[in-house]
Amino acid sequence: MSTHRKKRSSKSGLPPGTPVHIGVQKLNVMSVTGRVFSDSFAHVRTIESTEDLAVLAQEPHKKWVTVQGIHDVPSLQRVADLFGLHPLVVEDIVNTEHRAKIEDYGSYLFIIVKLVHRPEGGDSLAVEQVSVVLGKDFVLCFLEGQDNPFTGLEERWSKEQSRLRLLGCDYLAYAHIDTLIDHYFPLLERLGDDIDEVEEALVKKTDQEDLTRLHYLKKNMLHVRKAAWPLREVLSHLERGDSILIQPSTQAYIRDAYDHVVQIIETTETYREMLGEMMDMYLSSLSNKLNETMKVLTVIATIFIPLTFIVGIYGMNFKVMPELEWPWGYPAIMGFMFSLALGMVWFFRKKKWI
Amino acid sequence: MSTHRKKRSSKSGLPPGTPVHIGVQKLNVMSVTGRVFSDSFAHVRTIESTEDLAVLAQEPHKKWVTVQGIHDVPSLQRVADLFGLHPLVVEDIVNTEHRAKIEDYGSYLFIIVKLVHRPEGGDSLAVEQVSVVLGKDFVLCFLEGQDNPFTGLEERWSKEQSRLRLLGCDYLAYAHIDTLIDHYFPLLERLGDDIDEVEEALVKKTDQEDLTRLHYLKKNMLHVRKAAWPLREVLSHLERGDSILIQPSTQAYIRDAYDHVVQIIETTETYREMLGEMMDMYLSSLSNKLNETMKVLTVIATIFIPLTFIVGIYGMNFKVMPELEWPWGYPAIMGFMFSLALGMVWFFRKKKWI
Amino acid sequence: MSTHRKKRSSKSGLPPGTPVHIGVQKLNVMSVTGRVFSDSFAHVRTIESTEDLAVLAQEPHKKWVTVQGIHDVPSLQRVADLFGLHPLVVEDIVNTEHRAKIEDYGSYLFIIVKLVHRPEGGDSLAVEQVSVVLGKDFVLCFLEGQDNPFTGLEERWSKEQSRLRLLGCDYLAYAHIDTLIDHYFPLLERLGDDIDEVEEALVKKTDQEDLTRLHYLKKNMLHVRKAAWPLREVLSHLERGDSILIQPSTQAYIRDAYDHVVQIIETTETYREMLGEMMDMYLSSLSNKLNETMKVLTVIATIFIPLTFIVGIYGMNFKVMPELEWPWGYPAIMGFMFSLALGMVWFFRKKKWI
Amino acid sequence: MSTHRKKRSSKSGLPPGTPVHIGVQKLNVMSVTGRVFSDSFAHVRTIESTEDLAVLAQEPHKKWVTVQGIHDVPSLQRVADLFGLHPLVVEDIVNTEHRAKIEDYGSYLFIIVKLVHRPEGGDSLAVEQVSVVLGKDFVLCFLEGQDNPFTGLEERWSKEQSRLRLLGCDYLAYAHIDTLIDHYFPLLERLGDDIDEVEEALVKKTDQEDLTRLHYLKKNMLHVRKAAWPLREVLSHLERGDSILIQPSTQAYIRDAYDHVVQIIETTETYREMLGEMMDMYLSSLSNKLNETMKVLTVIATIFIPLTFIVGIYGMNFKVMPELEWPWGYPAIMGFMFSLALGMVWFFRKKKWI
Amino acid sequence: MSTHRKKRSSKSGLPPGTPVHIGVQKLNVMSVTGRVFSDSFAHVRTIESTEDLAVLAQEPHKKWVTVQGIHDVPSLQRVADLFGLHPLVVEDIVNTEHRAKIEDYGSYLFIIVKLVHRPEGGDSLAVEQVSVVLGKDFVLCFLEGQDNPFTGLEERWSKEQSRLRLLGCDYLAYAHIDTLIDHYFPLLERLGDDIDEVEEALVKKTDQEDLTRLHYLKKNMLHVRKAAWPLREVLSHLERGDSILIQPSTQAYIRDAYDHVVQIIETTETYREMLGEMMDMYLSSLSNKLNETMKVLTVIATIFIPLTFIVGIYGMNFKVMPELEWPWGYPAIMGFMFSLALGMVWFFRKKKWI
């Protein structure tokens, strides 16, 4: 398994429709799981060869195929061919730098959704691309790596009377998208907690570390936003119900998912505004602190520099300096300096500096 | 009664349409009040059991049901079933993190509005979710807790010849929304007063405390705005009159409410701009003050540091320093230093620093 | 006459359509002037009682009624009833916190326009609400107080062959709006002059006072903008000619007024951008000045602090300090210090600090 | 010729459609040049009196009339009457504060375009208003003053087989607009050169003068933008071809002019963004320089202030100070101070301050 | 070959449709390559004269003509005449300051795309204009200079069974655009790497150099954005399929290219936001550093200035200063100063300054 990231530029010059894997290879071997089901039965089949899949594809029942690992382009191509996918669809599946989108190829819908999550123990976000193809009697799901966000879905599917089996393939495809959308909420909650934490810290003190945390939070929000915005278009396209593959009964659910996406986007925007405000506040605090520091310096310097000058005068070695001879010269000058200092303190107090 | 906030993430992995209460539980026991009325009569019934409610739901007259407390999902489910609500509606009612929205389910309209108010003695805002369901002959109203913003409404309803009884259920539902919108005005007035106060303070002085107040005001405006913006869509949807549940006579009122929402949004935006300006002014004031401080320091240092150097010269202990022997050396050097200081003062005055 | 401002919140809890005066009461007694006219005659009648008005309302000719003072809700209600206005119209007339708007009630158009002017000797703007109702054969005009911006209009009306009498009531209503729009131009000119003045001041010097003036100008622009933007919608609605009350011949005039509003809005936006730029320039100037101040301080300190250290060395009282015994010690050290100072000056000159 | 600027406010209170000249009078006497032409001939006639013009207006051929000087409202009115222009058109021609616009009066199109140029030896821009009226067989062009941007056009027109004569009046009107649009390019090039110049200066040094230049450039861009944006609407209106006065063959040319306007607007926006970036960079540079200055001051002060304290100690006149008696006291203390200074230098070097 | 840039202003005053080369001349002699092909054959012909081209243009097969060098306007004109192009098309081809656009001339489509690349060893971007004309049976491609981004395309074309030969001319034209779009990805990757690099540098240290790099990156993003945005319109126009020249089978490919452009634009916007954030962070870091510097200065000055004053007192030469006579005077005063310094250190530690 290579951790090297294949870049988009590696594709430059190739004819369009040439599938080239772009992104980090997250799995050694592609694994395919097939599921055949109707209202009354549900079978899971591990697909070991192209033949297995060809048999599955011919089944007269509803089919649900999950492909994990998308770096193995030739194998993927064979899967795509069995289900009659357009070359551009394969190209899009293996290029993990796509934004969420939906494309209507008539007999099937091709949907890309981005899964955003924060890996344990890290500050930065991981983005994975999930591609879903919804056909008349099949749903194909392509995952980048071993992590399967749909285990809960598979469990619910395996139960009898599950809506996932009773309702059509469109509901199953919707359930995929809904599951991915649900992944955004815990993420946003954690980001929200982080924002509150940093905000509290900012009110108390102001240091460089908070600035770095603010910066990373802003960057994360940028990624969440980039992933979430196009989802809105995807769901609004589904909701409009242009495709015959979407049944009217599923549309209420899609509208619900659409509302969730709007909520995600709005929360993201609110967080971004809050982070912007916090940046402003941070900068103002810095200015305030600088002002405070400078006042301390100025008060000290303004009081002591003139006094130091005065004692310097009486440190001069002139032969003729009558004051030096006076018996009360020393106490007199000390008293004068004390009054001067008091006057300055009074002056600064009046200016509200101390 | 638990003050623990149930989070959205607690719902992750559940099938869509599963109602899970999200938010702070504000009440121990759900309380339901039913009202049956026609042009000629008006009865209030406290609902103690599902049976009571079932009886009420069968009444051939107009019905108004107020539910307080939404954490008890099974009871709520029973209420919903009696009035034939879609599972997604129940899910939305118990999830208090929704934005204001309207959904047309054909035989009934489902409306969510956010009530924003500032609890006594606090600076931060409280947001509560109110769900209203408008059916052909019933209005259901779901409140999060014990506070009932509709007591005025109930009083007016109880009076004979009240428009709330004479006009249809759509007018009653509108009256709910109108009441909630009216709650925004005193809030905005108080925020406006606060803004004026902080502005006045900023013109006089500039300290860290004002910055914190500015920050909280900005945050509050963000919340008001987040709650008010989607209201515009809700009312514009109602005004378009797509639903057969809205009678033409009610539309003039809805247009009026729409105008109020626009006014709220516009005031919010104006306040936000004013707060932005004040932030700019605050930062400029800080810079101005720093400049002033630095000028004081520079004037003092520039006058006295050279003088201190001069008196230092004549404090040196060289054997041969002819000036020290001169009888007029001391007065001469004092006079020279005095002229130097005067010259500097003149220079700074010319530069308009003092 | 009370100068107390009645607030919007005083209305909370009242049923919609309840007219409550919101704003400052600007007049003790409501005064009503009626005008009856056709192509051939023009009578002015002072209305003293509801009966007078009832007689006027029955006249078969074109009618123009000007109401000054809107705090007396019951009297106003009677006026409204005579001309068949909807309760929501009366509510809107007495609530002076509305934005400019137009509402088509079928048999009459209800228009609110804001009059913005700067009272003599003040920096802040005054906003007054003018409501105009255009019916088939009448124009009603409601003013907040004694100031009547339409005296010029009344004069032109009183002249024979005046277009105000020859053309229909729609032209008269248009003339009201046009007059109010014309009030924006001298205001913008004065604000423009103020902006030029502050800009000139900023190029020369930078002080706190300019900042305050900038701030007030920005706030004024915010008010002008808030008043002018909705006017655009009002006129574009009128121009579309949806209402049968507007004759085609009047539409060229309305388009002209629309152009003026666009011009006002554009000037406002340009002024706002200019003020934004000036704020940036102000802040940059402050930074520049701080830099200058700090350079002076640094140059002085960097030259004299080391020199003071050197003279301090030879002020030490060690028994054995051979240099002190040298006859040329004093001139040597003075020469050394002079060279050092020169070197520093040269260094700062190279760095372009002095 | 008066250089006094007549202001918009001088018009307040006059009925709409009253033409009042607003702007600076740029010419003593209005001069009118008439051109009569067909495919086969082209005559130029200087118009000296209204009668001359009346004769011209009756000609059965295509007519092109250029009016220079628009302050003489009665004469202008007579011109307008001869060609049947609406009073509002005359009002718009003499009011030079209009934005570019197009108005379709059915039998003729009225177009206002702003000519923006930078007079020789000045930094600020001059804006002149050019009004073009396109009728079925005539083109009227109204200029503010003596400067005629259309001399090139007149020359091309005078040549035989010129498209200006062969194609219809719509092409001639288009040629006016195209000529004015072409005036924007050299202006933008000069502004672009200025921007490059200031940018280069900013990378090298940072002074107040650059700030002032930046400010003036930003202001100029604001004016160009204000003049160019409405042009887009004008041309897009012409391109849509709603008017029967525009022949299909001319539309390709209009689309071309539209592209040029889009290019102008885009360049303007790019320049504005670049100026914004430069402002940011300027402010950052100032901060950087302040940091540098403060580091110099801090390094010097931190090294020498403690040393000065030490030499001060041994300058005290206490009777009993054993160190003063030590023969190696002086060299020892000098060595100690030298090490201290070295240590500080090392410390600052480690902190990368020097 | 001249490196002088011909400017747009050189064209001022010429009639529209006059082709004038605007931009840098990148080639001495215009070179034309013709390609004739059908499903079964593919010939390349170097065009040496107008006659050669005339012969080519008459071929009954599909034709692909690549013109390199666009400064030679008369030759270009001859090419255009042979393929029946409108004068405005030629004018647009030779003016290299156009933005990407598409124009439908009925029998052919005229498309301009900007190629943005970063020449080796340079920080600034180079923008070249590529014009493509798609006719019923020909594709013309006009390049500014010798660099040919389509060599890969030509290679694929020369292979048998290439889609470029089998599919229609519209696919060939699409392949041109797709190739140019593909050039954006490696560029964006390099810019992204640069951004990461600068960001990493900013977290560690803050110097003027990073600011300059940030500035250049921002400027580059501005250029990429300016080139990419109009591409969106071009492809969306093509995708809508208004032109009969585009076959339905090609539209899936165009939609794919459209997605790529959206991806480019989105990446550009994200980068721009990230650069904006980095600028903010940079400024905050500067403020932080200034604060740190000032704290060091203030701590040092506040500790040592008072101490220096004290030692100054005992350096005075008054006859009568009893403390000087005390045997324990020296150690006492040293101890006092030590405690004072300790106290100050404690105070600053409490304030968290050190």
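Going by the order they are written in, the chains are A, B, C, D and E; count residues from 1 in each one.
Methods note: contacts are C-beta pairs under 8 Å (C-beta built on N, C-alpha and C of every residue); 3 or more make two chains touch, one makes a residue touch a chain.
Predicted model only: the values in this text are computed from it and were never measured.
The chains in contact with chain A and with chain E alike: there are none. Measuring from the averaged C-alpha position of chain C to that of chain D gives a distance of 26 Å. Centre-to-centre separation between chain B and chain D, using Cα means, comes to 42 Å.
Work out the mean CA point of chain A and of chain D, and you get 42 Å between them. Listed for chain C are residues 283, 287, 290, 294, 297, 301, 305, 308, 312, 315-317, 321, each touching two or more other chains. One closed ring of touching chains is present, and its order from chain A going to chain E first is A, E, D, C, B. Residues 7-9, 11-13, 15-17, 86, 88, 91-92, 97-99, 101, 103, 105, 205, 207-208, 211-212, 215, 218-219, 222, 226, 279, 282-283, 286-287, 289-290, 293-294, 296-297, 300-301, 304-305, 307-308, 311-312, 314-317, 321, 323-330, 333-334 of chain E touch chain D in their complex.
In the complex of the two chains, the chain D residues touching chain E come out as 152, 156, 163-164, 175, 178-179, 182-183, 185-186, 189, 203, 252-253, 255-257, 259, 262-263, 266, 270, 273-274, 277, 280-281, 283-285, 287-288, 290-291, 294-295, 297-298, 301-302, 305-306, 308-309, 312-313, 315-321, 352-353.
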